[in-house]
Amino acid sequence: MTYEERMKMILEAYKNGEIDAAAVLEKIQNAGCEDMGFANIDHARSFRQGFPEVVYCEGKTPEQNAAIMASLARNHDNLLGTRADMQIYQAVKEQVRDAVYHEMARLITVERKPLPKDGARKIAVITAGTSDMPVAEEAAITAEVMGNKVERIYDIGVAGIHRLFGRLETIREANALIVIAGMEGALASVVGGLVAKPVIAVPTSAGYGANFEGLSALLGMLNSCAAGVAVVNINNGFGAGRMASIINHMR
Amino acid sequence: MTYEERMKMILEAYKNGEIDAAAVLEKIQNAGCEDMGFANIDHARSFRQGFPEVVYCEGKTPEQNAAIMASLARNHDNLLGTRADMQIYQAVKEQVRDAVYHEMARLITVERKPLPKDGARKIAVITAGTSDMPVAEEAAITAEVMGNKVERIYDIGVAGIHRLFGRLETIREANALIVIAGMEGALASVVGGLVAKPVIAVPTSAGYGANFEGLSALLGMLNSCAAGVAVVNINNGFGAGRMASIINHMR
Amino acid sequence: MTYEERMKMILEAYKNGEIDAAAVLEKIQNAGCEDMGFANIDHARSFRQGFPEVVYCEGKTPEQNAAIMASLARNHDNLLGTRADMQIYQAVKEQVRDAVYHEMARLITVERKPLPKDGARKIAVITAGTSDMPVAEEAAITAEVMGNKVERIYDIGVAGIHRLFGRLETIREANALIVIAGMEGALASVVGGLVAKPVIAVPTSAGYGANFEGLSALLGMLNSCAAGVAVVNINNGFGAGRMASIINHMR
Amino acid sequence: MTYEERMKMILEAYKNGEIDAAAVLEKIQNAGCEDMGFANIDHARSFRQGFPEVVYCEGKTPEQNAAIMASLARNHDNLLGTRADMQIYQAVKEQVRDAVYHEMARLITVERKPLPKDGARKIAVITAGTSDMPVAEEAAITAEVMGNKVERIYDIGVAGIHRLFGRLETIREANALIVIAGMEGALASVVGGLVAKPVIAVPTSAGYGANFEGLSALLGMLNSCAAGVAVVNINNGFGAGRMASIINHMR
Amino acid sequence: MTYEERMKMILEAYKNGEIDAAAVLEKIQNAGCEDMGFANIDHARSFRQGFPEVVYCEGKTPEQNAAIMASLARNHDNLLGTRADMQIYQAVKEQVRDAVYHEMARLITVERKPLPKDGARKIAVITAGTSDMPVAEEAAITAEVMGNKVERIYDIGVAGIHRLFGRLETIREANALIVIAGMEGALASVVGGLVAKPVIAVPTSAGYGANFEGLSALLGMLNSCAAGVAVVNINNGFGAGRMASIINHMR
Amino acid sequence: MTYEERMKMILEAYKNGEIDAAAVLEKIQNAGCEDMGFANIDHARSFRQGFPEVVYCEGKTPEQNAAIMASLARNHDNLLGTRADMQIYQAVKEQVRDAVYHEMARLITVERKPLPKDGARKIAVITAGTSDMPVAEEAAITAEVMGNKVERIYDIGVAGIHRLFGRLETIREANALIVIAGMEGALASVVGGLVAKPVIAVPTSAGYGANFEGLSALLGMLNSCAAGVAVVNINNGFGAGRMASIINHMR
Amino acid sequence: MTYEERMKMILEAYKNGEIDAAAVLEKIQNAGCEDMGFANIDHARSFRQGFPEVVYCEGKTPEQNAAIMASLARNHDNLLGTRADMQIYQAVKEQVRDAVYHEMARLITVERKPLPKDGARKIAVITAGTSDMPVAEEAAITAEVMGNKVERIYDIGVAGIHRLFGRLETIREANALIVIAGMEGALASVVGGLVAKPVIAVPTSAGYGANFEGLSALLGMLNSCAAGVAVVNINNGFGAGRMASIINHMR
Amino acid sequence: MTYEERMKMILEAYKNGEIDAAAVLEKIQNAGCEDMGFANIDHARSFRQGFPEVVYCEGKTPEQNAAIMASLARNHDNLLGTRADMQIYQAVKEQVRDAVYHEMARLITVERKPLPKDGARKIAVITAGTSDMPVAEEAAITAEVMGNKVERIYDIGVAGIHRLFGRLETIREANALIVIAGMEGALASVVGGLVAKPVIAVPTSAGYGANFEGLSALLGMLNSCAAGVAVVNINNGFGAGRMASIINHMR
């Protein structure tokens, strides 16, 4: 029984005088949540946001992750777990047999009923360098699982800007762009100045010294002189993939 | 004669042997720019990005701003100048008689042929507090000038969260959301958790002490636990309005 | 012989002319301390603050910790050691046989005469996510050892805010609240806006990128737009538990 | 008609079939709010938190402040506005004739039915130096308006620590303490080590050079080696007064 | 009598036994300096570095600046004073009648015997925006006074990158490049990737919000992915002009 | 009657049974303090530290400063007030007729019985540049008032290091050194490497851009590769003068 | 076939009508790049910058590095890989048999046709301490591979400044200087004040505590009071070597 | 042959015409240094500063450290190496048989002719907590090796301030004080306010969360409201010991 069905039942019960007003408020708010003590699973999220709750695996024990993923897997067809290491994956795999691990992206996915993808509306995932690839794969696979066609365009940073121009047509065909760069993060400004599509910029911690773990790219992207650029957290490939997917599904 | 027409002429001239390869490259790159010495106006931007170059007025003298706006006004119907004080506006007004000043937003606009607005696709501009209003107006008017219907929802920050719930239906009807908050910037996370639309978050410098001129809201928004949130620079209402407009015009 | 008894004896001796004024000052100040060279144990603290000196184990060798805990155990019935790893616990256990280890919370406790708990005055320990649980357990067990009934409410962060509303009644019943969150720390503001009880906010280092080891949550909580929120150090579950206990024992 | 009365009426109307479920949710959430366009007044806050919404005046125009205060004054007997300069006060005074201005504290108060004060339960407001006095007065008057007896103990910083010991008895008699200090903020640790009462520490920006506008005191207080200390934002006298008042009213 | 002449005299005197070893060390070190109490003018610098000591006017009183410039003017033909406001200039002008003021650049120059300029070795001064112009003029005039031909190329930032390509030939003809940009400072990386000449990058404080007074451009430039880029202090046009001049005079 | 005399009286009274133990503790701690409400003057400080309490004037009103200085002037012969502007001085002068103002140093002094100075034990106050002079004068006059002979050596920064060598003999004759520098603060390391005397380093906020209000000099001095260097707060000439005086009076 | 040859072929084809204008733009931009999916090798860089693309090995897998180096080795005679650990070197060595590893500098070099070195134009690489040596070797070997004679002058920091003076003649003979220092980075200022040659300053993370991973040296060097100093990223020996090489090859 | 003897010989040779002026300058500057390629040993330092060059072992290989210590051991009787781990010590021990290792302090010492200690002039080394002990031992042993009597007073932090008062007499007897504290570093202010002796404050990285690796204690100590406090780098026990020794040897 889904969240929506349960909610209607509760309101009916009140109308019929079976429960009083205070009970209504309490029940509605409890519906859709499954409290496991250490975690409070938000099953209703798929109704609010079009995809079930995504599990951020880091900082949870393998056992906690496995229990959460198992509960979600009982209620939903497609799942995503982020920042998962191999040990977490193995614990999850015990309980969710069709879970798949993407090592570079550190993602766990389940896709029983893959979401349909509109081939004419692509998301381009662009990186400045090869070192940005783990973040890029996190973004790309996130977007794919959420039902998007993804074009990967890697290692075209501004130190050799003609590489970017060589791919410009492909970039312009995309419906939404994710630009991923470390160091000074200049690629976001250059791409943002060349296209009229929304650019989601992801700073990475690639680099050293005064990049201060991604701060240089973060500040660079926030201060982009190009309009149409918005920024997510350092190394947050998932957040960029999610945001681009939301935009790409607008009609 | 527009940028596109000029570009075709140049390529024809090369094909006919009137100019050589080196000349082609030089000419194509010069086309569309007007070098005024202190400024290099990018007339081609309207073709690349759907709106003429927006003038960032701060840091330029009133005379420089007036000359730039006048040049743009000769080539385009709709214009936008940001971060303009009254003195700059007066200098611009001398040269561009139909320029309008929006004092709270510090914007100068010209709208000879207002862009059409699709009433069914609204952008909601939401603020946590009254102090965030100048930034909100910058975002809202930017979006309006660029052809969007805008819904203003002000002062519904999380200290009294039922104010937000009271406006939830309106918020959910919007096609794209701009959430503007200072202090801890928590409103972006709360809104992002409630809707499945893209949220452009704008941290403001409203607050004091350890808000460090907007840093607290900026970090809060970048670290939002809700997906579907991307961030622009502190107080950057224009950037948010532009980004939301690009998203809102996607089909 | 306790600190108070010793102090009275000293003043008597002066009054009787057995010692002079300079000696009084010196003796009073020495009373209650046990100088072990590497540590100066403050036995008097239980009189000043209602609980013996709590040992911060990190940065001390296992041997130092064991010696300090042994000395305290000879003088007091209930003890607490924080930030203890397994190796430290084992050294302590050698000397204090009834010491108990709480692995997730990294606490060592001794409770020979557990302090009484008033079941009508609960402290609620609330977390935004599962990753905040070690800090939450540190807070909860600290509060319990110090004689408080604790309600644990975990993983109700603002990305799915109805989870919070589902527990609101329980939250409102509590006498004091500890709100623990990483990332943007928004939960403290939301809870602070909903209840009229004191909220002790604990930022955690959960998150990544621009959370800068907990700085984002710290700044978010310090800048909370809700009144009735005060903040302790990043990951400082002990400090929050102690503060909430002091408040909860007020009459 | 108060918020509670209105809420009951709405639920009755639903029960009687006069309105449907969707309407209930919308109405409940709107009740208690007054949307003035630029501000969304939260009249219900007095029910949730025991005192009407406090107006943070900075960043609002004098006209906006006056309109907000006037609306609140029509619905409540006691009011507080913070960070108000003289110009704001004058605009408010036009509309709220019984408003009083406290210049050093930059507060506007209205007290038609002063809240009762329990003389046996005092809040001590302690400062390290004379320069911390404006913040201290903000805290003290806030606490007084909210119905607390306040003891002011100023300029007893640790550079001459016997001044503190000279006032120790008075400090220990207090039920809750607010400790206000700039520079290194050491006073909070010293006081926290001497008493078993909750200490609300307020860092101030008093000092220069590497105090970085209050950062040194803020970090000092957050890292206090004494338990029972929690911190509010730099210069946030209001927040400390509010927090201490909540604690002081617990029974 | 110049520094070199004086130094030889001193060594002669020692050889002839007129002064002893201790005196030699003292005299050599004193030669070339003129101690005015508040300033210690380094007349020898023109021998060590090819141009007399440049006066950093900010933080000195108009009278101090005038006295220093007057002393230098008695000993040298060409002078430079930086960060001078109009009031300082007027005090200097009283004493050094041929001093010239450059308002936008805030420079005072004296050029009695202008240094020769090699027209075939140009320094290009490039800015991202019009707001960077005061810094650019400081760099350009510094380079000119020190004997360099300067090409100004302003407002070709990466938001409209074809403006840069339109000037690429001119840029490539230069012998050394100064690239000046605020916001994200991306222009330095793009230029550095396109030319094989030394690029001196100058971050400016142009921008707002998270540019943190030039920090974003500074970090961006330090982390440039292009080789051949070195950075000077924020807004330090003088330093860039001096550095470029030294490089441009190498043979 | 001085603090020492008062303290003896109190202990006598206890011995004679006139007061009880609790009273002793209270009285001793109160003795020596004069509580003016807004200030708590520490008259005993002259006994503990050899000079009366120094008044930090900034952040106090002119009236508060005048009242404090007047009280001190009634009890002591020599006084010092720091960070005083002209308006404060005028209020003080009204009440303390023999107060003298040092404008550049922003100090107020009273010297009725100047402390003796040992001419053979000098403190050298050394600056890197002319802009550091206000801080230097604050240090120098502080040291003089506290009974030290001071040698001023200004503007010998490392950009022209022979200026330093020209004064090396004088520097080496000093008993203690105060080195004051902004920008990179390198002078402290160079001096510290050349002498075997204690060096008190004072970073100043002289400079611009990435000096971040003195942070660069502060970090430079803290990281000095020379031993025998300790640092005081940015621009804290008083602290350096006080520290050097304490050292210089050691025997 | 080189990039230049390919480019000419493309333009010929267009002139002959074999391809249209759109194809020209696409082809020119693609030429010179080799897209390996994870990397986009910029073979044209040797034409733009006089040395093939330098591989930044960190953050790439050993396999990726080996594939990139192998591709470059097929097209160029001399190669450089930076930040390579032994594992990466071994993977590269498998594919590029003449690759050489420099352990301290963490560089991989291939020098089949070593570039000629002008013995009269030396680059001096100077360090403050022995701990700066890995960075210095990275700079020195980079400069050597790129065709420069290098003079190494190590461990002459300012704590014993006569060590610097003992090497001054050698330093002054150099054509360009690289100054490498951690801690306070003062050596750059001292050297910059003594010579009239361009100084490339490299801050290192050598030191501890408030050096904050190289920040102290970075700020120190950026704020250098000596002219003729420009700075590269913390520990960026490669960047300094490359910059000095560019300068040293100017005529 | 010592530095002084060599220097006299050089000047004699010049006087006798055996060498010319240029040679004098070169020779004097070379004397006293031993260039080992990777290190440039400053043998003259013992003449300038009363103790041979102290070796900072971190960042140097065991072999480099051993070679440097061996060279120093051939020229001097007493040595000190700091930040040495066991592996470095073993390499040194191979070459310098009488080297002694102090594990907690991470120091290597050689004391063939221990410097005399004046028992009447003690240095007190005071810590706030047990965790500060490694830094304290570094300071204490440094001071002892340099010829000072040291009094250790550990774990008397302000959370239990009577522990400090219990040791006050001992503290006041000392001639110079080193105060070592992490967390908020308040102990320096309290001690500085109680004694009239120079206080060298050492912030440590003991603590967690918002102590940011010692930043909180560093800022706290720099902003100390007590005069007579100067600060060295975080965890810099050696620097404090050296500074206190210099002060303690003043007469």
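Just a few scattered comments:
Order of writing sets the chain letters: A, B, C, D, E, F, G and H. Residues in each chain are counted from 1.
Following the convention adopted for this analysis, contacts are C-beta pairs under 8 Å (C-beta built on N, C-alpha and C of every residue); 3 or more make two chains touch, one makes a residue touch a chain.
These figures come from a predicted structure and were not determined experimentally.
Judged by contacting C-beta pairs, the busier of the interfaces G-H and B-C is B-C. Superposing the C-alpha atoms of chain E onto those of chain F requires a rotation of 90 degrees, given to the nearest 5. Both chain D and chain H derive from one sequence, and where they touch, over half of the residue numbers involved are common to the two copies.
The equivalent interface to D-F, defined as the listed pair sharing over half of its contact pairs by residue number with it, is E-F out of E-F, C-D or D-H. Averaging C-alpha coordinates per chain places the centre of chain E 40 Å away from that of chain H.
Rounded to whole angstrom units, the spacing between the C-alpha centres of chain F and chain G is 49.
Remark: chain C and chain E have CA centroids separated by 58 Å (rounded to whole angstrom). Separation between the centroids of chain E and chain G, computed from CA atoms only, is 26 Å.
In chain E, the positions touching at least two other chains are 129, 159-160, 193-194, 209-211, 215, 218, 222-223, 227, 233-234.
Interface residues of chain A facing chain B in the complex, by the touch rule stated above, are 48-50, 54, 175-176, 193-198, 200, 218, 222-223, 227-234, 238-240, 242-243, 246-247, 250-251.
On the chain C side of its complex with chain B, the touching residues are 128-129, 157-161, 182-186, 189-190, 192-194, 207, 209-212, 215-217, 219-227. The touching residues of chain C, when paired with chain A in their complex, are 129-131, 133, 152, 154-156, 159-160, 162-163, 165-166, 168-169, 206, 208-211. Interface residues of chain H facing chain G in the complex, by the touch rule stated above, are 25-26, 28-33, 35, 37-40, 42, 44-45, 53, 56, 58-60, 64, 68, 83, 203, 205, 213-215, 218, 233-236.
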